[in-house]
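Shared between the two complexes below is chain A, which pairs with chain B and chain C, respectively.
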Partner chain A sequence: MMFEASTSVKEHVSDWVLYARKNPMAMWLIPSFLVACIVLAPFAYSVYYSFTNYHAMHPDQVKWVGLVNWIKMFQHPNFWQALNVTIRFWLMGLALAIPLGLGAAMLLNQEFQGRKVVRALLIVPIMIPNVVAALTWNIMMQPLGGVLNFFLIKLHLPIQRWLTSTDTALNSVVIIDLWWSIAFVALVLMAALQSVSDEIYDSAKVDGANGLQRFLYITLPLLTPHLILVAIYRSIDLLKVFGIIYMATEGGPGRTTTTLHIEAYDRAFRQMLMGEGLPYALLLTAVLVIIVGFLEWLWGRSRHFVGAE
Partner chain B sequence: MRTNPVKKTIGRIILYFLVALFLIWTIFPFYWLFTMSFKSPIDAISNPPKFTFKVFLENYKAALNMYVKPGSLGFVVVQVEFLKGFKNSMIIGFGSVAVALAVGVPAAYALARTRSRLQKTVGLMFLFVRFIPTFAVVIPLFILWRQLKLYDTYHGMILAYQMNLLPYLIWMMKGYFADIPIEIEEAAKVDGCTAWQVFRNVALPLVAPGLAASAVLVFVAAWNTFEIGYILSQTRAQPVTVALTGYSSTYTGQIQGLAAAAGTLVMLPELLVAGYVQKYIVRGLTLGHGK
Partner chain C sequence: MHNRSMFKSLAVLLVLGVLAGCGAPAAPTATPKPQPTAVPQATAVPQATGWTIRPPAEAKINWRQEAGKTLTIAMTPHPYTNALDAMKSEFEELTGIKVNIVTNPDTATQTKITNDLASGTGEFDVFFSGHTWDWNYWPHFVAYEEYLNDPTLTDLEWYNLEDYYPQMLESVTWDGVEGHKLGTGKIKNLPVTMETYILAYRKDLFDKYGVKVPTTWQEVFDAAEKLTVVDNGVQVYGFTSTGIASAYRIFMTNFHNIYLGQGVNPVDENFDSHFDDPKVVPLIKGYLDTMKNYGPPGVNTNNWNAVVSGIATGQVAMVIDGDFAAATYENPEASQVAGKMAYAPAPAGPNGRFSGTWYWGLAMNEFSKNKKAAWLFVEWATSAHTLREAAAVQRSFDPPRESVMNSPEVAALVKDWGDGSWMTTVKEALANYTAMRFQTQGQVTGDWSKQVGGFLTQYFEGKITIEGALKSATDASNKIYDDKGLRKP
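Right after this comes the complex of A and B.
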């Protein structure tokens, strides 16, 4: 869907004019396009300001500085560390949320008492603000008197310092994210699982396939496009995460949870060096384009493979 | 049919055990936040944590800017304009929903009734809007909004919120409009209705349930928005999610209860509508892909 050869711009425009004459309903789209421009125009501005020395306190002294901000970023050790944290957070979040979410979806697809209620509860973590999720887990993860450590003691497991230790802070933030992302993945995959017809399973049973075989050779291949789809959405959210981390750790302790997005915020608003902060946000955009673009391509391929198109 | 009963019973036990585990994982954080919000400063930091305690209402009073007995929340004085944030979030939420509906519903209808290339272009645009990191847009918006005197105002916030809300609404509504059999609309056209009349008198009533649910979901999305408000507002138009960060110095300290009370209040409106939107939510989650 994303990367396909487009016809020339001119052809596009004349197409649209013709279309607008034939169908006045196209006019109904104009307000939306204007609103969309509110988003896309600032993005263009971002690129421009990333080549200036824009300082939030001195907006009248904007000077073109060329590539200075960009070069500074690539030379800065904090950048590489933030990139590393961003990628690690993304990989951990994805590697855990998708199998666990799939597991939850398959579990909730079984017959059991109160299934409706359990399924309904799934949407609750998704609906609440992520800053509230971060607040909640922060309270539970208190090293002293926190309820998670209380459970660990009861289970005779070593207690953790959770968000307050450089060793465990990133993992703890991943857990907070998992709380709602497992629910998200499960919800989307549950809908997908229902579209797989029972007949396929029944005929496989007749052929003597056991549970594992049915999962590996029927469920998994048929779900692949949906799995890639949730990977796309999780990737977007994980790579541009801000609220959860900001509310839980503010990027600390040290720099262990400072992602590119947090770093962009830190430079642009805490240090007020907007020109310096923007390359971080723009580079994150590039990372997103590459990763999401690849997954989109994979998604198109998998749909073709499964025969959904 | 051929499975033996012992194996089946064990299977059931494992199933219920896993379901219970999953329930605890999903619900326990809510339970803990809720109970924490009724704990006094001493109970809140008790180690080991207390599961039974005396109900302490001062947290809610403090969060709602009511009179609190001096010293009852410890020595920390927290000045968070939480109630005002609540009001601001309501105003911005309803305003954003109104703008999104006015602009987005006709657009969704037009998209549902047009050929595929336009749809693909718009789908692509939405995806792009969704994956641009917030700060790549919000930093220049901050610059722009200060120049245009939109910074820290309701209409500035409502306008900026549209970048999250509009694609979401259009995508959901497009699906509902596409579900209407085209024959119904064609019959109306044959009867002499204009495009607007078909939309107003035929299509809109048919999607009414979906429209209502979408409006609620868009409101929830507006309520949850954090980064935009964090940057583009200061005091006058600060939403409640941002006001919540005002307690960040407290939830690690003695008065976690106060932060918990504020957190509970923030999600309360959403818990009230959760049951209503439950069957509509999946469609909005996979914005821009498939049906």
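Right after this comes the complex of A and C.
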């Protein structure tokens, strides 16, 4: 049996070598296969362990528990609350980042004194780790002694409790995320704007189109693929958000800013319940894949629409 | 086995990502016994008469037996970490062992410890760990008895384990079973700092506005109202507190005292919760209302740092919180109120006065490949000699050893803190009513803290009644302990 098996393996290998000699491009499958193994093997392990009682401190006592962790998750109010926070954070972040980023891009696309300096400054937030950004904003948003409330007082406006109130905490972390991410959106869209030929705008001007019409009927349609591309990148960041929220609020007050990622972290690393934490993480992955998949489909359609492919 | 562990870690990391962070504590218990007991029999060493702190060179062991080894120590930002950074060369010269100290924020350190212990890689030899952390990691921390009782590794007479405050030794001795009492089992952590909760107040403001030092909770609430004033053009808030958003810390510092003082165990020995006991509801309401009406904005999410800074910047008149903060209040380089503070015991209820506690200490990794060298480090780092220098020079407070607390060096540093009232108050608290109040539990503390804290926050924000908040908190707490199988109604 052993002899037959090894002969069979040898035959397979020699067949494959022959095939590779005839089709050299097939060699490129090897790195792809390795990458797939490196990515998929731990992912498959994650799926497997989501059906077990895997406890971080007792990795030698793992037992198969079937759907228990998944059922527990769907029955747990924390899950629905975390899903709700995740989606709201994503929607708010996206709905604000794209128009604000586009506005910044259009402003920076204009000729004005000091444009280079402003563009250089725009990159600064991107270079700051999001955890540092969150800590800095946390200090700035302190209700007592924070610089934001200092300015509100100077302007005779009511002070805000920012990260400390269940009413304003989620909005406040959205603001932090916007500060950190908006430069990225603006830079991508500014590059896209510069790729639009001036001749199109000149022709439209000749035809009597005003600024709003030129924006609505030229800029926006031509930028659509880029807008969707930015939405894809931002969606990935927003749905996976961790550092900003953890450093700013740790998911509180109460559970106001607890996203699926934070819930997964708490269960897996704080409560040590890896088996229970994994369904939260995997479900977040599924949500992310669905949303990004849909946006990618839209992106393909939009590129087709504007004749980019 | 090792490869499997690695794959498990990879699997988890792939999906969850590697993240950073900070210690968030746990859930309650309370033993309304003012004074804990216990030094485990296995390691009990009679304290020698006239025992004095002596330098490591006088210990009768060969400190150089592990020379050439390298240790990696996981620490969080803390005065004791500063002390280690400053003093580690002393250890390296003594032993020939090189020490790398890796300092990360609490959450990042917790993640690193979890990964290290779950995968069994032994990246770190020694961890900085506190009590709720210990309860999670206990299975993979090393029991110290083997090392303490090995005369080639430990000179017990020089080290003097019994020099630790008894409640500290009790806190780090456990059998590892959730719900079981502390004080029996193995020692798996040796504290380097500890704390008790006392009243710290601005004596100058109390005198100026004719306010009596409060001895009951109602007096605290009344004093807070009188001390919320504009003083010399500066808005002063009468009271501050640790936040309620994560409930663990407010229970540890003050709520256990309020409940137990009324004879109510907030979570009893059967893990049954009694937050809504009618005897206590008015006091919890009074506490939260005082925070809201006479505390600084954002007080509901204060971490300990914000509490300390509120007092040190002169914006708050009074707090009942960790006594260690006096090291900041009384440091003119870090505080605007040095020399203006005084200290007194926390308020009492009809059933007495109760303080919780917290410690930070050093625990050894089961998967360390340098356990003997790691023990030599722990022995040196937790010795009275090292802790005395950490306290007296680096202001790492409170020292968990009596000899250090009573040393001339520490006495000289603290003698003017509140005209000596700090030392008197702390000694009284440690002698009479400081103990670990939470029942041992590991996995549910974060969830408990958030859920209970969420209901307290809803009352604080005026969204529900106090009765509703405490009833909901009770139900949520009971459900958590039911789900964990800890509750025995």
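Heads up, the rule we're going with is that the second predicted complex is superposed on the first by the 270 of 309 C-alpha atoms of A that agree within 3 Å, B and C clash if a C-alpha of one lies under 4 Å from a C-alpha of the other, contacts with A are read in each partner's own complex, and residues count from 1 in each chain.
What we mean here is this: a contact is a pair of C-beta atoms (placed from the backbone, for glycine too) under 8 Å apart; a residue touches a chain by one contact, two chains touch by 3 or more.
Just so you know, these numbers come straight off a predicted model, no measurement behind them.
Touch criterion met: A:V147 reaches chain B, while chain C stays clear of it. Once the two complexes are overlaid on the shared chain, A:S165 sits against chain C while remaining clear of chain B.
When both complexes are overlaid on chain A, the residue A:L91 reaches neither chain B nor chain C.
Of the two partner chains placed around the shared chain by superposition, neither chain B nor chain C is touched by A:L157. Look at A:I290: by the touch rule set out above, it reaches neither chain B nor chain C. Taking chain A as the reference chain, the count of touched residues is higher for B when chain B and chain C are set side by side.
In the superposed model, A:L273 makes contact with chain C only, not with chain B. In the overlay built on the shared chain, the residue A:Y49 is in contact with chain B and with chain C. Within the superposed three-chain model, A:L220 lies out of touch with both chain B and chain C [touch as defined at top]. Contact with neither chain B nor chain C is seen for A:L67 once the two complexes are overlaid on the shared chain. Comparing the two interfaces of chain A, the one with chain B and the one with chain C have residues 39, 42-43, 45-46, 49, 54, 56, 59, 131, 142, 144-145, 240, 242-243, 246-247, 250, 261, 264-265, 268-269, 274, 277-278, 281-282, 285 in common.
In the complex of the two chains, the chain C residues touching chain A come out as 1, 4-5, 7-8, 10-17, 19-22, 24, 107, 110-111, 114, 117-120, 136-140, 245-246, 296-298, 300-301, 306, 309-310, 313, 315, 442-447, 450-451, 453-455, 457-458, 461, 463. For chain A in complex with chain B, the residues that touch the partner chain are 1-2, 15, 19, 23-26, 28-29, 31-32, 35-36, 38-40, 42-43, 45-46, 49, 54, 56, 59, 104, 107-108, 110, 112, 118, 120-133, 135-140, 142, 144-147, 150, 153, 179, 182-184, 187-188, 191, 229, 232-233, 236, 239-240, 242-243, 246-247, 250, 260-261, 264-265, 268-269, 274, 277-278, 281-282, 284-285, 288-289, 292, 299.
Across the complex, chain A meets chain C through its residues 39, 41-46, 48-49, 54, 56-60, 78, 131, 142-145, 149, 159, 161-167, 240, 242-243, 246-247, 249-255, 258, 261, 264-266, 268-274, 277-278, 281-282, 285.
Chain B contributes residues 15-16, 18-19, 22-23, 25-27, 29-30, 32-33, 36, 45-49, 102-104, 106-107, 109-111, 113-114, 117-118, 120, 122-125, 127-144, 146, 159-160, 162-163, 166-167, 170, 195, 220, 223-224, 226-227, 231, 241, 244-245, 247-248, 251-252, 256, 259-260, 263, 266-267, 270-271, 274-275, 277-278, 281-282, 285-286, 289-290 to its touches with chain A in the complex.
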